Each structure stands twice: as C-alpha cells, then as structure tokens.
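Below, chain A partners chain B and then partners chain C, in two separate complexes.
For the complex of A and B:
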C-alpha cells in the first residue's frame, strides 16, 4: 500500500508537474492563460493511439511523431489565432477555451467517445520496495524527471533560456536589449506544447484515452500553478508533488470518495492561499499586494 | 398628469428612439412580449425561457467581471447554490416559488460573501484561477452528501413555476428585464443618483488610484460579489423551478465558462452585451442541436473563434460603433447616418468632411 502510494503519487505528480511547467512558462513569458494547454496533452495521446493502431508504428516512434505533430499544431494555433488578439486578455481566455473545444469535438468526430488505450513502450515488471512495478511506470517517471531537468538546464544555462526569462521579467526592457520578444513567445509556446505532448504521450499507455480527458487535468494544472505561485517554476514543481500525492492518497486511502479527489485538492489550494495569497513560491510585489 | 405623460413621451423620443442601440433594444424587448401571441410552440417558448434565465446569469457575470474586473471563472457556484437552495427550500419546507427564489438568491449572496472574502486577498489572474475552484469544491460537497443533495441525480420533484408555459415565459421575461435594468443602472457611470457605476469602473481601471481617492475598494468589490451572486442565484432558482430539477450539471466547468463565452461574444462591460450574446448564441445552439447534433459544439467553437478574431470587443460593441456616433462637442449619441448633431448641430464626421474639402 505505502509503496503503491509512493509510486503512483510520483507518476501523477510528475505528469502534473510537466503540464504545469508548460502552462507556467507560457503564462510567465507571453502572459497568456492557455486553457487549451491540456487539450494538447489529449491530442498527443490520440496521435499515439492512431499511429500505433492504424499505422502500426512502434510505440517509441509513434510517441516521437505525436510529440512533433502536436507541437506543430500548437505553434500553428499560436501564430494563426492566439497571437492576433494577445492584447485582449479575456478574449484570449475565450479563444483558448474555444480551441480546446475544437480539438475535443474534432477528436469526438474522428474517434467517437469510446475509451481507448495505447500500447506500452516496454513490457515487463520489476520488484521495487516489495511491490511489482511495471517498467512503463518507471520509464514514465524517468522521462518526466529528464524533461524537468532539461527545462531547468535550458532556462538557467543557455542563452535562449536567459532570453526567455528576460522576456518574462520585463517585456519592454527585453525588447530594448535586443531580444526578439515575438520569437521568444513563439519558442516558449513550442516548448510548453511539447511538454504537454510529452505528458500526453507518457500517460497514453497508463491512463484511458478519451476526448474529455483534458478537463480534469486542466483543473489540477490550474490548482498546481496557483498553489505554487503564478510564473514560478520551482513553485509549480513543489505544488505538483503536494497535489499529486494528495490525489493519490485520497484514491488509495478513501476509495469510496475518490470521485471528489479534485474537490479535496482544490480545498487545500484555497486553504493555502488564505494564508499566503501569492502562492507558495510566488513573488509578492508591493504594488501587487494592496 | 398630462404634463408628466408629455414629458415621458418626449424623453422616450429623445432618449430611446433617437439612439439606435436603445431603439433596437426597446423594439426587441417589445417583440419578446408578443412572441407567445404569435408562436405557441412549447419548444420555442422553452428555448426563449432559458434564454431569459441565462441572460440574467450572463449579465450577472458581466456585472462582477466586466465592470469590476474581478474575473470569476467559477460563476456556476452562484447559479448552483441558487438552484440547490431553492430546491431544498421548496422540497423540505414546502415554500412556494415566490418565496424560494428570493430566499435562494439570498443564500447565493451569502455564498458571494464566503467566496468574496478569500477572493479579495487575491488579484488579477490569481483570482480568476482560484474562483474556478469553488464550483468544483461545491460539486464535491454535493456528491459527498447524497442523502441531502440527491448526489449524482440531483433533487427532483420541485414544484413548477406555473402550470401554463406562457405564464412561465412572462415571469422569466419580466424578471430578466427587471434584473438587467437594475444591473445596468448600477453600472451606469453617467448616472446621477447611484455612485456605484463610476466606482466600479474606477476599481477596474486602477484600484490603487481608486483607493487613493478615498474609495473603500474592498467594500465595493464585496458588494459586486453580492449583487452578482444575487442575480445569478435568481437565475439558478428560476431554472430549478422551471426544469423541476437541480443537479450537479449546474456546477460543471463548462457551465462556468458559458456566461464568459456569452459575455465576451456579446461585448464585455456593457450589460446589454451578454444579453445579446445569450439571445444569439443560445437559440443558435438549440437549432444546431436539432439539425446537426454531432457538429454542434464544433460550429459553436468556430463561430466563437471567428468573432473573437475579427471583433475582439464583442459583437454589440462592434455593431454599436457602426450605427452610433458620439457628438464631439456635446457627447450626445447620434445615428451614424446624421451629418450634424441632433442637439447642438455640430458636424459629426469632422475628419471625413475635412478630407472631402
């Protein structure tokens, strides 16, 4: 039981962290609340399913292809739709919801509302802490960790990462020192969508695939991002683990009320915000506080 | 008495008929009053009753989020609390709809306070994302106590508003018009007898400046939460009595997004915008449900994207700017086709006239 909670919690938290990281990045850099973020995660899962079952590609190959295609769709929608109305904040919110609905409905038309699943990347089990864990689970957690580490390296060590952080801190000054703000936003969007696609690809063999699978993670991602502090990547990471383990604990310890796990996670979020309105790691600017 | 009637008719001519936007609104409402005379199809009446209920709901979102800038992603919590409170009062205490709906709305006001007090510590995007949590938490509570709330199935067997659908139609229509007029007056920044309009505008534009001008912004933001909660609660109560059921479908994520979609489609921070949005989008969706049910949501989302891309201010604001022009001298609204202002005779389209010369 304990080991089960530990391992499942780590995977849930890792997926939330991947999704929340991308959401937080695009919010921090382009100031866009992208409610279609988890829709890309759903798209990636469906692409894997298509490639694996209809085209008969091997699992790793279909995962790679689906991540690339999803990222291309994400960049395309950003260029064609979101960027044009970026100044109207509420309109951006609506258009991202509309995009998510377009994706959901297209998938519904193409695949129907059946529950699907994708093949595992690797089969086999190992004995870990006294419970059998499939290698797929370990692989998922490994990929999540590699992605998180990669993003951290990119943002802190490379020139591109520093430019992205500069745009996030102050658009105008970043523009003045010669950073192409528009391109940076586009690159960030690509990274964010790619992270969502990786998350989608990794959960496709583990969780069921269905057209509404983006709604619940969206709520959790919003909770994670707010709890961690908007725009703080470290905060998103810590909050993902707090909420991921909360959800897993509820599912394992109180299976009878597992259908309200989101409500419990969100209650924790509201409770924390009552004490720290800027989130766990958010920065409280003086003029922001009031 | 005759003098008063004469002044009223003059006011009507000058304030409503001469302003194209108001004239359209007036004749549309007049048309709505005569709909049951022309059409007796109960299905169409049902659509229009729901349009009235949702118009209150959408306008109450606009009151809170459009005018005060407190973007609420969880507006369904007010609607849901209104619906559930009305249903419980009716089922457990046996009160008639005339009592349950206002009482249910007062419970929604209480919810507005409960939601508003923690929300006031947060601003901007934080507030938007936190409010999203409340309907989901309420859904959790509803599902956790199925004996009291009916759980997944909801509460059913609520007494109907009236036996006649035409009467229900008029009740919904009159409540809608009254609620929208009250909200519109409360947010009217040019109003001479209520200050709330100008204060709410000030809070949205610059909260720090509003505080510096001696406005207790906390009090007014809480007031906005309460007023908005009240009207959304009324909408919820009406829908519970009309459908005779109050269920967790009133609390879903999409139901919270609905008023935002209607409002932004219609035009944010206008009150009449969300009403227009509902009266266009809701019947459209119902027609699509009958014609091509599979493509319904897809078409809906695509229409939304196209409208937002080409008129991000919303459809009423875009249309209003086409048919109305403000006099540059006396700020009076004129029909766009006029050359000179109807009051002060100043030329309206100065740039164009200069270009022609």
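For the complex of A and C:
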C-alpha cells in the first residue's frame, strides 16, 4: 500500500501543482487573483477536443494550437478587461469570476453539456514499484517538473525574469529604474494563461471535458496557493504535494468516505492557516519578500 | 412623471399580453408540457422522445376526445433542475399558470421532481414522470391519494427495483467470471458515488452479498464524489484488494472518468452495475474507446423487448444521432396519455386518471401496467418477466449490446431477441491466468 500511496499521491500532487503554478505566478507579479485561471484550462481542453475531433489533428498538434489560442485569448482578456481595473482587487475578483462564467456559458452554448474526451499523447500504462500508472499520468508529472524548471530558469537566469521579479518586489522602484511594469504584467499574464493551457492539454485526456470542469479544480488551486503562501511558487509546489498526498491517503485509509477527500485536504489547509496565516512560504509583510 | 409611469405600465401590460408563451395555444390543441433540464442530455432526451411521439400522433390525425380530434402542441419547459431545485418548482408553476399546459411529462432529479410534483398536484395536473426513480413519489400517492393521484411513473423502474436488477446482472456476471477465470470464490469491490441511490445499493450489497453464498466476499467499499475528476487512487486500491468484480453505481460524470481509467489502467476486475453515462452513444467517444466492456443497467438496446422497441430505437437514432435513454420514455408517456384520453373521452384530469390506472400498454421498453391503489406505491411500474424488466447492457467493441436477461434463458426463461453473452475483458482473464 505504501508504494500505491507514494505514486498516486505524487501524480495527484503533480496535477495540482501544474494548475496552481500559473495562478501563483500572476498573483506574485501583478497581484491579480485570477479566478478565471481554471476557466482558461477549460477553454484549452475544449480547443484540443475541437482540433482533434473536428479537424482530425494529432494530439500534440491539437495541444500546441490550443495553448497558442488560449494564451492569445488570455492576453486579449487582460488588455481589454483586467488591466483597466488591475489596481482594484475586489473588482478583479468579481470580473474574473464573471469572465469564467461567460466562458462556461459560451462553451455550454457551443458544445452543450455532453461530456467529451481528448486524445492521450501516449496511451497505455506501466508498472512502477508494482503500481499500475497510465503513461499520460507520468507524462503529466514530467511536464510539471519541466514547467517548474522552466519558470525557475526564466525568473532567475534571464533579464526578463529579473525584470518580472523586480515588478513583483516593488512596482514603483521597478518603474523608476526603467522597467515597463504594464508590459511585465502582460507577459506574466501570458505565461500564466499558457501554463493553464498546458495544464488543460495534459489533464484533458485524463479527466472528462465539460463546461463546469473549471470549478472543482479552482477550489483546489486556491487551496494550494493559499496554503503555500500567495505568490510563492515554491510554496505552491510544496502545498500541492501536501494536499495531493492528503487526498490519496484518505482514499487508501478511509475508502468509504473517499468522497470527502478534498474536504479533508481543505480542512488541513485551514488548520495550517490558523497557525501560519500567511501560508507556508508566504510573507506577512511585503518588506520580507525577497 | 406620473403620466410617464402610467404609460410605462400600459406598455408593459401590452407587452406581457403579446408574449407568445402567455397566449393560450391554438384553439383545439392539447398542450403537453415537456419539463426537464433542457441544457442537459436528460432534458434533451425528454424533448426528443416527446417530439417523436407528438409528430407521429399528429400525422395520424391527433387525439380523439369524444367527437373531436385534437392535435398535440408540445411546450418545452426548462426546469434547470440540475443546478437549482427552486428553479424547477418555479418552471412547473409557470407551465401550469402561464403556459396553461393540460398535461405534463418529464422530470429527472428526485429532489426537483418532488418539488415539481407538489406544484402539479396543487393544480390537479396529470404529471407523467420520466426520469426520477425514487419510490417516494408513488408512496405519496398511497398516503394522500386525492392530492397525488395525478402522478404516474413511466420510466425508470423504482430505485428498489433498480437494486434488484443490479443484483440480477451481478449474478450473471459472477457466473461468467467464475467460468472464465476458473475460480470458485469471487471477491467483489463496491465503487459507488456518494448519492442517495448509491447509499441504498451499498447498504443492500453489504447485507445481501455475504448472504448470496459463502463463495462471495465483499473486499471493500469506495465512495467517490459524483463529480470526482480522478479515480485512479480508488482503482489502485481496488486492484490491491484482489477484487475480481467491481460493482458500480455512477449517475454523474465520474462514470466516464471511471470507465476511461479502468480501461486505460487495465484494472483486473470485471465491471458491472449502473453507469448512466455508459447508456449514451457518446460514451464510446468520451472514453476514447477505453470504456470497452463497461456494463450497466439500462432501459433500451436494439433488442425485441416488444415489437415496438427496434422501430423506436432505430428511428430515435436516425432522428437524433443518440441512443435513447430512460428519459426518452416521454415517447411512451405520450402514447399512454393519448390512449387514456381517448378512453375517457375528455381532457378532465380526474376522468383521465381513472383511465390511466387501467393502462395496459406495450411500449418501447416493455408492457406497462401501473401498480394498483391497494399497494404501498400506487401508480408505479409493474416489474417482472411479463411487464417491464430493465435490461443489462455491455459495450462490446463500440456497440452497446444487451447481456441481461441472460442469453441462456436462466432468468424465468426470458430472452430478448438480439441478446448476447457477457464478456469478461481479456486483460482480466490474462491477469488472473498469470496469477
């Protein structure tokens, strides 16, 4: 059973981490709590379905086209709507949840409520430590690690990354040293939405595509980023593993109540926040942010 | 200012009067409200079944009421019951008071149907249920006949009978699994979403499976959420338990996730039970073909339950591009209603109720007779080899085929033409042969 928990927990955590990465990034840089984040993931899944089944494109090609189009929609949404009210946090919350609902209803109108499926990149399964795991799950976990490494390289090794971090630390100072804050926020939004689209591309073949598919992951994404500390990528990654292993443990140890596995994970989040309100890797005061 | 307000009020009143939905139907039509979650598959099937029947009846001239022949006018009513029970009660109120329908068919989600039933009964409107399995609606008829007598269930069979059918299908699967795997003792795992009917089946399984014989062992119960997006951990735990069969109950989207992951991971246990999503044509594509060998209790397949089943099934598929599922039972509901109205010779609800109680109709899914007012659940469906039975279906290489009542006639000698034998997935056989 230990091997089962080890592997299934890691896979669940990987999916949570992939979804939370972009959400955490855009908050860390632009202070935008984008509640439409998982709606972009839903859009990406539908684009993949459309390209694969209506245009007959292969899974990798469908995923690539889907990530590009979803990112473009994300950037357009940011320029047209979010950027104008970026400084008003409550308005951003309301607008992004409204956008998510608009996306949901549009998809409902276009595709109906039928459950859809996207093709796997690689089908089949393998045995890992005696546990049966689908190759798509392993691929998803690999993509999580690549995305995390890529984001870390971008933020720490490139001029663009340093500029993004500067904006995240102090917008006014960044502006004074000649960094275009607006452009940096736009680029960060594009990266965040692209990450949501990558999550959609990887997870869509594993789960079911439907217009309401963004709601449930949104709760877990919020839990991951709040537990990890809003805006902390490292925190999101660690929190994803804590929650991923919690839900897996519930399934294995308490199978008759596995339907409340996510509620138990959220309870643990609440408990941690009562002890450390800023989250595991969050900062209590902006001055602490490095 | 006051004049302006008065003018606005007048304009509003005129506008309301001109809204088509508020107008009485064309004179001499029978307005039948089709109520269901119209943006969901269940509501779509309510509408498709009713439309097919109404078109056929109208093409044949309509319904003879005394000396007059009247065509049917269908009114589509979106109950939005999947998302909001209060919406459903409001939609029913509007159907009766604004759309002024004469009769109602449809309903799906039990909680919503109970609310809609109350509203329809308050207005003494006949409501033919085509979706909810809860026995409660018919128990109400027994408890307060004068108020609830206008309710009848057309589809599906009630929840107790659904459990009964599930066990009969399980019994067939157990015997095939024993033969194919060459085993004497069979281990069964329960994987059932957390829902009211799921609770009922779990409770029944926990009591009945140990009582079914010493050769059966219940190895565990897993209860994912109806909207769970991933059940790999549950499947992994079931594989660890050494189960030969997974008995399922899924009414929600988790049924697709389950079948997809069960096939993808080649979990070495045969699957049997209820998976509502597996009743639909889109299931094969939605699982990317991984749902092969998934088995579910069902109402329709291309078999001869009666001489009407195959013509109905074929026409439904041709016109809608979907397999009929149990909410398409609105098709039979309209014909049953037509016969009752013609026998009564009037649209008066009380007179039609008496004729509905005398119904004996060979419909698309069996012989429909309602339970009598002497029972604890009047106006429910009679079940058995001579009535409606329900069927078991299995996906076999892209086709949804009937596997229960079993092809060997071992259940009361009843075999529907077109039934095939249940198949154990080959990876299950390979796994246990290698053990």
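Here is the rule we use: the second predicted complex is superposed on the first by the 277 of 290 C-alpha atoms of A that agree within 3 Å, B and C clash if a C-alpha of one lies under 4 Å from a C-alpha of the other, contacts with A are read in each partner's own complex, and residues count from 1 in each chain.
Assume a residue touches a chain if its C-beta (ideal position, glycine included) is under 8 Å from a C-beta of that chain, and two chains touch if they have at least 3 such contacts.
Owing to the predicted nature of the structure, the values given are computational and were not obtained by experimental measurement.
> With both structures lined up on chain A, is it a clash or a fit for chain B and chain C?
Aligned through their shared chain, the two binders fit side by side on chain A.
> With the two complexes superposed on chain A, say which partner A:259 touches: chain B (first), chain C (second), both, or neither.
A:259 sits against chain B and chain C alike.
> Using the superposed model, measure off the angle between the directions from the CA centre of chain A to chain B and to chain C, in steps of 10°.
70
> Quick check on the superposed pair: does A:102 touch chain B, chain C, both, or neither? Answer first, second, both or neither.
A:102: touches chain B, not chain C.
> A:208 in the overlay: touching chain B, chain C, both, or neither? Say first, second, both or neither.
Second partner only.
> Is A:117 contacted by the first partner chain B, the second partner chain C, both or neither?
Touch status of A:117: second partner only.
> Considering only the touch criterion stated at the top, classify A:137 as touching first (chain B), second (chain C), both, or neither.
Once the two structures are laid over each other on A, A:137 reaches chain C alone.
> Is A:267 contacted by the first partner chain B, the second partner chain C, both or neither?
first
> After superposing the two complexes on chain A, what is the shortest C-alpha distance between chain B and chain C, in Å?
Across the overlay, chain B reaches chain C at a minimum of 6 Å between C-alpha atoms.
> Which chain A residues contact chain B in one complex and chain C in the other?
The overlap between the chain B and chain C interfaces on chain A comprises residues 108, 257, 259-260, 262.
> Using the touch rule from the top, collect the residues of chain B that touch chain A in their complex.
65, 71, 118, 121-123, 125-126, 128-130, 132-134, 136-137, 139-141, 143-144, 207-208, 211, 217, 253, 257, 260-261, 264-265, 268, 294-295, 297-298, 300-302, 304-305, 308-309, 312-313
> For a test of understanding, state which residues of chain C touch chain A in their complex under the given definition.
Touching chain A: residues 39-41, 44, 193-194, 220-225, 227-230, 232-234, 236-237, 239-240, 253, 256-257, 260-261, 264-267, 277, 282, 285-288 of chain C.
> Within their complex, state which residues of chain A touch chain C.
Residue positions touching the partner: 1, 4, 8, 11-12, 15, 53, 108, 112-117, 119-120, 123-125, 131-134, 136-137, 205-208, 210, 213, 216-217, 247-248, 251-252, 255-260, 262.
> Could you list, by residue number, the parts of chain A that touch chain B in their complex?
The touching residues are 27, 33, 81, 84-85, 88, 90-91, 93-95, 97-99, 101-102, 104-106, 108-109, 215, 218-219, 222-223, 225-226, 230, 257, 259-260, 262-264, 266-267, 269-270, 273-274, 277-279, 287-288, 290.
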